[in-house]
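Read from first to last, the chains carry the letters A, B, C, D and E; within each, the first residue is number 1.
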C-alpha cells in the first residue's frame, strides 16, 4: 500500500461523506435539543392538564368553597362539599408523623455515620440503608397494613384499622435513608479543620458533632428535611392501603383520614366517568399537591444553592 | 364438578381469540372473576379483563363503549338507559344469581343481636345523629361507631339507599370504597365497625366478620342471610338479583358470544361456589335461548 | 484573675463524657433501627410468602383461589412495560443529557431546563399518572394499554436518567475529547465513538436504578388504569395489562390471610427482580470503575 | 541565609541568655519518653526523648515530612483522630502518662490548647467562637463569658480590631485576624500549654509579625511549642529548638546554641540550607 | 547548563547546517500573520508572525504561561474548545486561511495531527485506537485497516512491543508506550504536520529518548512542531526554534544559531537560566 493511499482514500471519502456528515452534524443536535425540550414539554403538559381541568372544576365549584369548606364529600352530586382543607390536613398529618420519625432517626444516623463510624462501617451501612429507599412503596403499604397497624392496635386497642399513625410511621421509615444520606453528605463536607479546632479545646465527640458540625452543615441538613417532607406529601400507596378514606380535619392519629394522593387513587380505582365533577376534582386536588411539592422543592434548591459555599 | 363442565364448553370454542372487556359491579366481581378464570383456562387466546369499579361506574364505561359486558347489582336506571340509547348501544340484561346484601359487624361486637330497617336507616342516613351504639338502641355501649359502605358509584349503595335510606343518601363520614375488600378489612379491623356488601364477601370472610340478622318488616322476624333465606326471599328487604348487561354488537363476535354462553352455562354453580344463590336451572336455559336469539338476528 | 473555674471544668467533665457515650449509643441504635426494620420487613415477607413461591406461582394467572393464584400476567406485564419504558426513557434521557452537556450554550434557557429537570424529579408520581391519563389515554386515545402506561413511566423516570447521564458524561476526561478532535473527528463522531462509550457504564448504572424505580411504582399506573382481573400475557403494545405492584396491591387489599401470603410471595418476586437489577447495576459499576 | 546576623541581634536583646547549666533548673511540662508512633506500618516517630520546658517557647524545626506535625499532635493526642495510629512509650504531663487508659483526653486538651496551620474559626460569630470552649466546659454566666471574651481577645491582640463587631461571622475577617481569633479561642479556656503548628505559614508578613510578637508576650503565662518551617522565625522567637529528621530528634538545645553552634553535622547541614 | 556542549555535538552531526539564506528556500506549511488571541479579556498571544517550515522540526520554547500551548493549539484550531477564545489575524495553511468561515476545521485536523502532553489513548484496544481516525474518515475495509495499523505502529516504533496484544486495552501499557500509541494513532491518518505539546514531559528518560529518536525519523515525512520546556531537548532535536515570552514571539531562528548566539537579550537570559 502506497503511503499516499490512506490520504487519498480519506480525500475520496470526504467528498462522499461531506454532505451526509454535514447533515448529521445538523440533525443530531436538533434531535438532542428535542429530547431536552421533552422535559419542558412534560412540565408544561403537567401544568397545562392540571390547570385546564382545574379551571373546569372551578367553574362548577367555587374556589372559595374549595379553600374554606371544612368538609370533603364529593360523592353525591346533589349534596357535595369540596373543602380541600380536610385532605390537606390528612396529608400534613401524615407528613408530620413521618418527619417525627424520620428526622430524629435520620439525623442521628447521619451523625453516627459521619462523626462516629469508621470508614469501613460507613461503607457497609450506608448502602444497606439506601436499600430501604429502594423498596417499592406498595411493599411498605402492605407492611403498614398487615404488620404495623395490628402491632399498634395491641398498644392502642381503640385504634381503627385505617389510621394516620401507622402509615405515618412507615412513610417516616421510608424517608429515613433520604435524610440520613443527604445529611451525612452535608456533614462530611464540613472541613476536618473545624473538627480539629473543637477537639483541640477539649470538646467531646458529641459536642463537636452538635455544636460545630451540625450548625456548619445546617443548610444541607435542612434541605434534606424539606426534600423529605416533599416526598412524604407525595407518597401514595402507603397511605392508600393503610390510611383510610375519610377526609377530615383532625389531629387524632388513631382515626382514619385521607390524603390528597389517596383520594386520587380512590377515585381512579372507581373509574369515575369522564366529565363528572368528581373527575375534575382529582385534577384540582392534584394541582394542590403539585403546588405543595413544587414549593418544597424550590425551597430545598434555594437553601442548598444559597448556602453552599459557606466555608 | 364445575371445572370439568367448564372444560367441555371450552373445547367447543377451541382456537377462538379476541378480547372481552368487562367492568361494573364489585358484588358481581367474584362470580365474573371465577367465570373468567375458568374460561381463560380453556381459551387462553381469548383475553378477558374484569374490573369491579361499581355498577354505576360500570355503566358509564359501558356507554362510553369501553366494555362489552357490564355487571350490575341493581337494574339499570332510566338515565343510564337513556345514555346508552344516545350512544346507540343495544343491550340485553341477564340475571346471574341472587345476593343477600349483608350487614356485617366486627366479631368482638357482642351486643348487636339483630337490626331493624329503621335502626339501619337511623344509623346510615345522611345527616344521622347517631354517633355511638347507645344512640341506636339503649343499653348498647357508648362507643363511637365506624361506618363502612360501598361508594356511590356502586349498585349496592343504590340498593341500600333505595330500600333502607329512602333515597336520603348515606352519611358523609362513612368510609367508602368501591372495593368491597377494603370494607371487609375495615370492619374486621375495627371493633366498632359496621358495613354492608354482597353476601359473597361475608361468606369468604366469615372468620373475621359477624353478620347481623335483619328484621323482616313483613314477618317481624329477624332473619340471618344464608342460601336458603336468600333464595326463599325470607331475607328481606335486602335480597336482590345480580345482573350482567351484554352489548349486542359484541355478541356478533365469536369470542364474546362464546363467553356469554359460558357465563350462562356456568353462572349457577360458580355463583354458589363464591357465595351467591343460583337461579333455578330453567331460568339459565331461558336466557341461553334468548342469547341464541340475539346472536341469530 | 482566672476566669475559668477549674473546679467547674472538672465537675462537668465527667457528666460530659457520660453524655457523649450515651448519645453515641443512641446514634448507633438510630442507625441500627433502619437496619432492623429492613430485616423485619424482609423476614416477614419471606416467612409469609415463601410458601407460595414455586413454579406454579410463575406459571399461573391471577385466581380467586389463593393456592392457584400466580403472577404470570403481572410479571409479563411488567416486562412489557419495561420494553416500552426502557428504550423511550433512555433515548430521551441520554439525548437530553448529551444536549445539555455537549451542545447547550450556558445561557438562561439551559439553566431553565436544568431547574425544570430538578423539579420534575420532585413531582409526586401520582401527578405523572394524571398526565398519562390526560395525554396518553384520553388525548392520544391509546386507551389503558401497555404503551400508555410505558410512556407515562418513561416521563416519570426521565429526570433521574438525565441527571445520572449528565454526571457520567461530565466524568469523561477532557483529554479524550482533545484526542478525538485532534484526529479531525466531528463533534457527533467524538460523542458517539469516544464520549458515549466512556460514559456508558455510568449511564447504565443510573438508568437501571431509575428503571427499578419504575418497576416498583404503583400509583401512576392505577391512575392510568390497569384492570382488576387480567389473566393473560399482553401480546401487543395496545393490549391491556397489569403489573406486579398492582397485582400485589390487589392481593394485599383483600382481607383473607391467604391472599396476604400470596401478596408477600408477589413481593418476594418483585424484590428478587429489583435485587437482580440492582446487582447488575453494581456489577457494571465495579467492572468499569477507574478506567481512566 | 543570614542566620548569623539574626543570632547576633538576638543575643544583644537577651543578655541573660540561658546556659546549659541553667536549663536543668527549668521544670518541664511534658516529659516525652521513648515515644514511637506508627501510621499503620509506617513509623513516623522513632524513640523520641524530650523535655519541654515550662513557660518557654520551644520551636520544632525539620524538613517536610520529618514528623513535626505528628509530634506536636501527639502532645494533645490529636494525632489519634487518624484511626490507624499506634503509639508506644510515654508522655508525662504533670506527672501523669497521657496515654494512660484512665487519662481523659478531653481534660488534656483543655489544658493543652492548639493553634493550627490554617486558621479554622467556626462558622459562627466572633463572640461565639471565643465562648465555645468555656461553654462546653460548663461556664454559662453571661457576665463571666463577656469578660472571658474581652480578656482572650486582648490576649490575642485583636480586641481593638473586632470589639465593635463581636457578633459578626468570623469568616468575614482576614486570614491573619482569623488566626488571632483562633488563638484567642484557645486562650479562652486558659490552658497551660499552647501548641502551634506552623501558625503563620498561611499568613502575610505583617500578620506573621503580629503573631510572632504575640508569642513573645504569651510565654509569660503559657508554655508554648511551635512548629515552623521558617528557621529565621524559630531563631527569632524561641528559647529552645528541637531539630527533627526522619522521625528522630537529632538535636535539642538552646536556640542560640543550636543555630550558632550545632553539635550534629546533620543539624548544621539543615540550618545552612544544604537540604530540606 | 551545558548548552554549549550539546550544540557542539550537534554541529558535528549536521554538517549541512542550514544558514540564514538557505532558510528562505524551504517552503513553509503554516504562515502565521499578525495572530492575536484572547481568553476572554486576557490576551494570550500578541501579534505573532511566523513561518513554519515544511519537513523540519520546529521547537517552541519559553517560560510557563507564555502561550506555547495556546499557540500550538491554534495551529489546528483546537484552542477553540475553550469557548471564550477570540482570535484576530490569519494562519495560512496550504495557502488558505484556517480561520476562514469556509475552512472546515475537521479537514484541517485531518492534515494536522496532534500529540498531547499526557498520553491520552482511548479506553479501547490498541487496534481500535489506531483505526479510530481512519474509521471516522470512512475507511471500513478490514484489510486496509490492518495494514494501516501495522504501518502506523511501525512508524511509531512500537510495533514489535505490541504486535501480539493488539486487542488488549491500551490502558495496560506504560506511559511511554501509550504516548507512542498516541503518535501511531496520529500517523494512521497520514497527516502533513504533527503538533506535539510537551510530548515527553510525563515520561521517564528512556521513553523520552525513544520519542526523540522517533521525531528525528518522522521529520523525513512530516513537518513537526514541538513545544518543550526542556531546552536541551529543543537543542537536540529541532532544526528551528522559536522563543515565546508573554505571548510574544521574541526570536525565531535556526536552533544552532538561537542557542549559540541569540540575537535578543531576553532569549539569552532565558537559555542561560536567568529566569523561567
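The definition used in the following text is that contacts are C-beta pairs under 8 Å (C-beta built on N, C-alpha and C of every residue); 3 or more make two chains touch, one makes a residue touch a chain.
For clarity, every value in this text was computed on a predicted model and none was experimentally measured.
Colleague: What shortest step count links chain B and chain D in the network of chain contacts?
Modeller: The fewest steps needed to get from chain B to chain D is 2.
Colleague: Going by the touch criterion stated earlier, list every chain that contacts chain B and also contacts chain C.
Modeller: Per touch definition, common to chain B and chain C: A.
Colleague: Of the pairs A-D and C-D, which shows more C-beta pairs in contact?
Modeller: If we tally the contacting C-beta pairs, A-D comes out ahead.
Colleague: Of the other chains, whose C-alpha centre is the longest way from the centre of chain A?
Modeller: E
Colleague: For chain C and chain D, what's the span in angstrom between their mean Cα positions?
Modeller: 53
Colleague: Round to the nearest whole Å and give the separation of the Cα centres of chain C and chain E.
Modeller: 49
Colleague: Any idea how many Å lie between the Cα centroids of chain A and chain E?
Modeller: So the centre of chain A lies 54 Å away from the centre of chain E.
Colleague: Centroid from C-alpha atoms only, then distance chain A to chain C, rounded to Å. What do you get?
Modeller: For chain A versus chain C, the centre distance works out to 13 Å.
Colleague: Multi-chain contacts in chain A: which residues touch at least two other chains?
Modeller: 145, 204, 207, 269, 271, 274
Colleague: At least two other chains touched by the same residue of chain B: list those residues.
Modeller: Residues 23, 51, 53, 179, 182, 185, 188 of chain B touch two or more partner chains.
Colleague: What positions in chain C touch 2 or more of the other chains?
Modeller: Within chain C, the residues that touch at least two other chains are 16-17, 186, 253.
Colleague: By the touch definition up top, name every chain pair that qualifies.
Modeller: Here the touching chain pairs work out to A-B, A-C, A-D, A-E, B-C, C-D, C-E.
Colleague: Could you please specify the touching residues of chain A with respect to chain D in the complex?
Modeller: Result: residues 118-119, 191-204, 207, 211-212, 215-216, 310-311 of chain A touch chain D.
Colleague: Enumerate the contact residues on chain A facing chain C in the complex.
Modeller: Touching chain C from chain A are residues 21, 24-25, 28-29, 31-40, 42-43, 45-46, 49-50, 53, 104-105, 108-109, 111-113, 116-117, 125, 128-129, 131-132, 134-139, 141-143, 145-147, 173, 176-177, 180, 204-207, 227, 230, 233-237, 240-241, 261, 264-265, 268-269, 271, 274, 282-283, 286, 289-290, 293-294, 296-298, 300-301.
Colleague: Given the complex with chain A, which residues does chain E contribute to the contact?
Modeller: 107, 110, 134, 137-139, 144, 147-148, 151, 188-190, 221
Colleague: Write out the stretch or stretches of chain C touching chain A in their complex.
Modeller: 16-17, 19-20, 23-24, 26-28, 30-31, 33-35, 37-38, 40-41, 44-45, 91-96, 98-100, 102-104, 112-113, 115-120, 122-131, 133-135, 138, 155, 158-159, 162, 186-188, 209, 212-213, 215-219, 222-223, 225, 245, 248-249, 252-253, 260, 263-264, 267, 270-271, 274, 278
Colleague: In the complex formed with chain D, which residues of chain C make contact?
Modeller: Those residues of chain C that touch chain D are 2-5, 8-9, 11-13, 16-17.
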